[in-house]
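So that we are looking at the same thing, I have put the structure below in structure tokens.
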Amino acid sequence: MLNYVLKRIGQTVFTAFLATATVFVLLRMAPGDPAANYAPPNPTSAQLEAIRQQFGLDQSIPVQFLTFLQHLFQGDVGTSFFFKRPALEVVMERLPYTVTLAVAAIVVTAVVAIPLGVWMARRANTAKELGANIATIAGQSMPDFWIGFVLLIVFAVNLGIFSPAGFTSASSIVLPTVTIAILQIALISRLVRREMVVNLAAPYLTVARSRGISERALTWRYAFGNSAIPVVTALGTRFAAMLNGVVIVEVVFKWPGVGELVVNALKQRDFPLIQATVLVTVLLALVVQLLVDLLYPLMDPRVRLGEASA
Amino acid sequence: MTTSTPGLSPDLSQVPGSILGRDSAVTRVLLRRSAAARRARYSTIKIWVGAVCAGLVVLPVALAQVLPLPDPIVGALSESSLPPFSAGHLFGTDPNGRDLLSRVLHGGQTSLVIGVLAIVVSGLVGIAAGAAAGYFGGWVDAIVSRLLEAQMSLPLLLMLLLVVALFGPSIPVITLVIAFAQWPEPARITRALVLVEREKPYVAAARVLGLHRVSIIARHVIPNVLQQVLVVVLLLLAQAVLLESALSFLGAGVQRPYPTWGGIISDGRELFVTGKWWLVTIPGIVIALLVVGVNLVGDGLRDRVRRAKGDQS
Amino acid sequence: MSVLEVKDLRVELMTGGSVVRAVDGVSFHVDEGETVTIIGESGSGKSTTAMAILRLLPDDLAVISGEARIGGQDVTGSRAVIDTLRGRAVALIPQDPMTALNPIRTVGRQMAEAVRVKYPKLSKAEAKKRALSLMEQVHIRNPAKQFDAYPHQLSGGMLQRVLIAMAVSADADLIVADEPTSALDVTVQAGILDLLLELQEQTGIALLLITHDLGVARLMSDRIHVMKSGTFVEGGPVTDVVDHPQHPYTQKLLGAIPELGPWHDPALDAPTLVKEASHG
């Protein structure tokens, strides 16, 4: 078991390193001179050269990378070109906003999608369920930025209930959360339905029914107990993905999180900031994924870590 | 004393198919309400509704050059920011006076081309990689599986934005970028299906006959799994359109000859606060309609294929 | 009154392709203390008969007509009747023990749960005690340890004993055993069958046995029905049917048992082949 954990930690570090290195190289290969973004208008080549030196961009790529690694081991990911502060600091300031949004979205998803999925499974192949089925397909078919705008137009602009942008009050989290949750609820409820249908038709359930176990116990204690495992795993994986994936929603709602930060950083070619964001979010996502995987044997007694699963 | 009824028991093996009518308790109503009949009915409904939705988008887009539409690039400032259903502008106009319907249809051509190309590429690559990994196992499988794992943990949207910034937002670049994002799905499912097919007796028989391995895969194994994989690939078209619109919304989309749907929405982004809701809403409806249509068709087909495979076993 | 009384039972399955008449008018009865076996090949409809009587077939798949009475009550109508009988008056021993239990709960908790279906007023401790004693009754070694085990940790034979214990816990009048030994190793089968016989002797329970194995039928049954394509082609006391089969199908079925003795190649009876063979 310890071996497995160590191996996974090693994989996590390696993947984070790989992502960072890839981004590093890609950034420096992109056309356009970042120094131009930080120079006064109509800069002279001397001014540009000075800025490049200041940012360390005049060195060759391998040298830059080594310098970067050197600083990384000292806990320094570089200084943001734009904010002129340690990039890591800037990212960590924004991280709680993104995490809060992701947590809110996943909680709402779980609370709505699970009962919905169970309901859909119990009534599988009925007319009512067909409607819900089509609705969930619709839910995963709408672009998230469009949902965001529609919600904003209806609730913020026309009805004035929520603020149209930014984090102005506690209720500002409602619309972005709903936007994210619509897609996730559609996906997760369909997963719940699939798993429940399989379990409701499984031999052990029929045998339990023959023992006189009540339908309610069969649905929840038997079928759902077994369905919960892949569902919890999926929720964890989606949460990890959300940490990187809420970029669009943050942009639409001007939510002061990491996603909005990185989109602007890309426009401004703020290398250290982009680097820091990638590093932090990838690490966080991998750690969450690792925790989810470690949780698995607690839920399913048939699985032992480190062994090949069936 | 044993009892035996030799002549009276009908040999059901001689009576194929339905035997309704001979004092059967199965009424028309019961049959219509049966699980099997319902499943068939609902998958058909899904496929038709989906086809209509998708068709409502695809047909006008495909005919964009032929339809009598105003110029999508040059607009008349006198007709700036008109709401939908204004004279001559079904979807309204943007601040530059450009007709929204025309922009949506022309931009849609690019979006659709990118989407279709992307799934063709990701489908081919994914099926080939998955089949190789599933059939050969060993180091081939190890490499493919590691690649699949690594890709899962990378921040995809960021990477895609970076690559587009690197190589420029052209149709080939965006297509390849989306294909790269999508190849894991067909690869994974092909690999899983091929792993199962590999153990079947006909594969062993083909080996004994001396068929070359690649020939076995291409001519026998893949065709057997193709139906299920193609449904997945079709569903990827929906995903591709969504991804393309997300990329162009974030500014990394194709701008020439016409901005795609996400780009149009991005252009209208700041304006909805002043009440010009149609610039943001209508292109999104078009995207949603197309994607819902494709997803419904794919889902219905998946039900059909699953039933067909299920009846076989 | 028979424990199980079946009259002209018909089960029609509404599958994707067509309506299949899996069971086409069978009638039989099982009395207290006796074992009645339905024997047939796969696809004969014997398992479907058992499942239909227990109403374990979904209503949007199977249409049941005719009569089936357990303890005098007709179970073919409203589901409310069978709901009161399952786990109390009738119990099932399933075919594949490896997939018959909830994989994420311990064996013991599932046993205790089965006990409490019949006796809901029992406390957790009392239910556990009864479960342990039932496990002893089916000769499970070290029941306390197996109580806390998960199904995947037990062998097929052990799991089948657990399932038998659960069936016994119902204090039922009728046990339906659907091919109880088909999924087990031959060496284990004998033990399970002995256990069933022993339990029947102790409790006087009526047993409806479904099997394709003639040896099992011969060992366990008082009476036997031979089923083919949804109907009974022959029936009666087991010795009569086995020793003097009347119906050609029964004769074929019995002839399918391999006999020990010198090997006789039927091809050698055909004169042309003999000639060719000798000319090599």
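We call the chains A, B and C, going by the order they appear; numbering starts again at 1 in every chain.
Throughout what follows, a contact is a pair of C-beta atoms (placed from the backbone, for glycine too) under 8 Å apart; a residue touches a chain by one contact, two chains touch by 3 or more.
Keep in mind that this is a model prediction, so the values were computed, not measured.
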* To do: Could you work out how many touching-chain steps separate subunit A from subunit C at minimum?
  => 1
* Structure fact -> Max Cα-centre separation from subunit B goes to chain C
* Write out the two chains that share the greatest number of C-beta pairs in contact. => A-B
* Structure fact -> Chain centres from averaged Cα atoms put subunit A and subunit C apart, in whole Å, by 52
* Whole-Å gap between the CA centroids of subunit A and subunit B -> 23
* **Euclidean distance of C-alpha centroids - subunit B vs subunit C, Å** => 47
* Asked: Mind pulling the subunit B residues that touch 2 or more other chains?
  -> 35, 38-39
* Asked: Can you list the residues of subunit A that touch 2 or more other chains?
  -> 125
* Counting only residues that touch at least 2 other chains, which ones in subunit C make the list? -> 60
* Contact residues on subunit C for subunit B in the complex? -> 10, 12, 14-19, 21, 24, 58, 60-61, 63-65, 228-237, 240-241, 244-248, 250
* Asked: Can you name the residues of subunit B that touch subunit A in the complex?
  -> 35, 38-39, 42, 45-46, 49, 150, 153-159, 161-163, 165-166, 238, 242, 245-246, 249-251, 262, 265, 269, 272-273, 275, 277, 280-281, 283-284, 287-288, 291-292, 295-296, 299
* To do: Could you please specify the touching residues of subunit B with respect to subunit C in the complex?
  => 1-6, 9-13, 17-20, 24-26, 30-31, 33-40, 307, 311
* Residues of subunit A touching subunit C in their complex? -> 125, 202-204, 206-213, 221-222, 225-226, 229, 299-302
* Over in the complex, which subunit A residues touch subunit B? Could you list them? => 15, 18-19, 22-23, 26-27, 29-32, 125-126, 130, 133-134, 137-138, 140-146, 149-150, 152-153, 157, 164, 244-245, 247-248, 251, 262-263, 266-267, 274, 277-278, 281-282, 285-286, 289
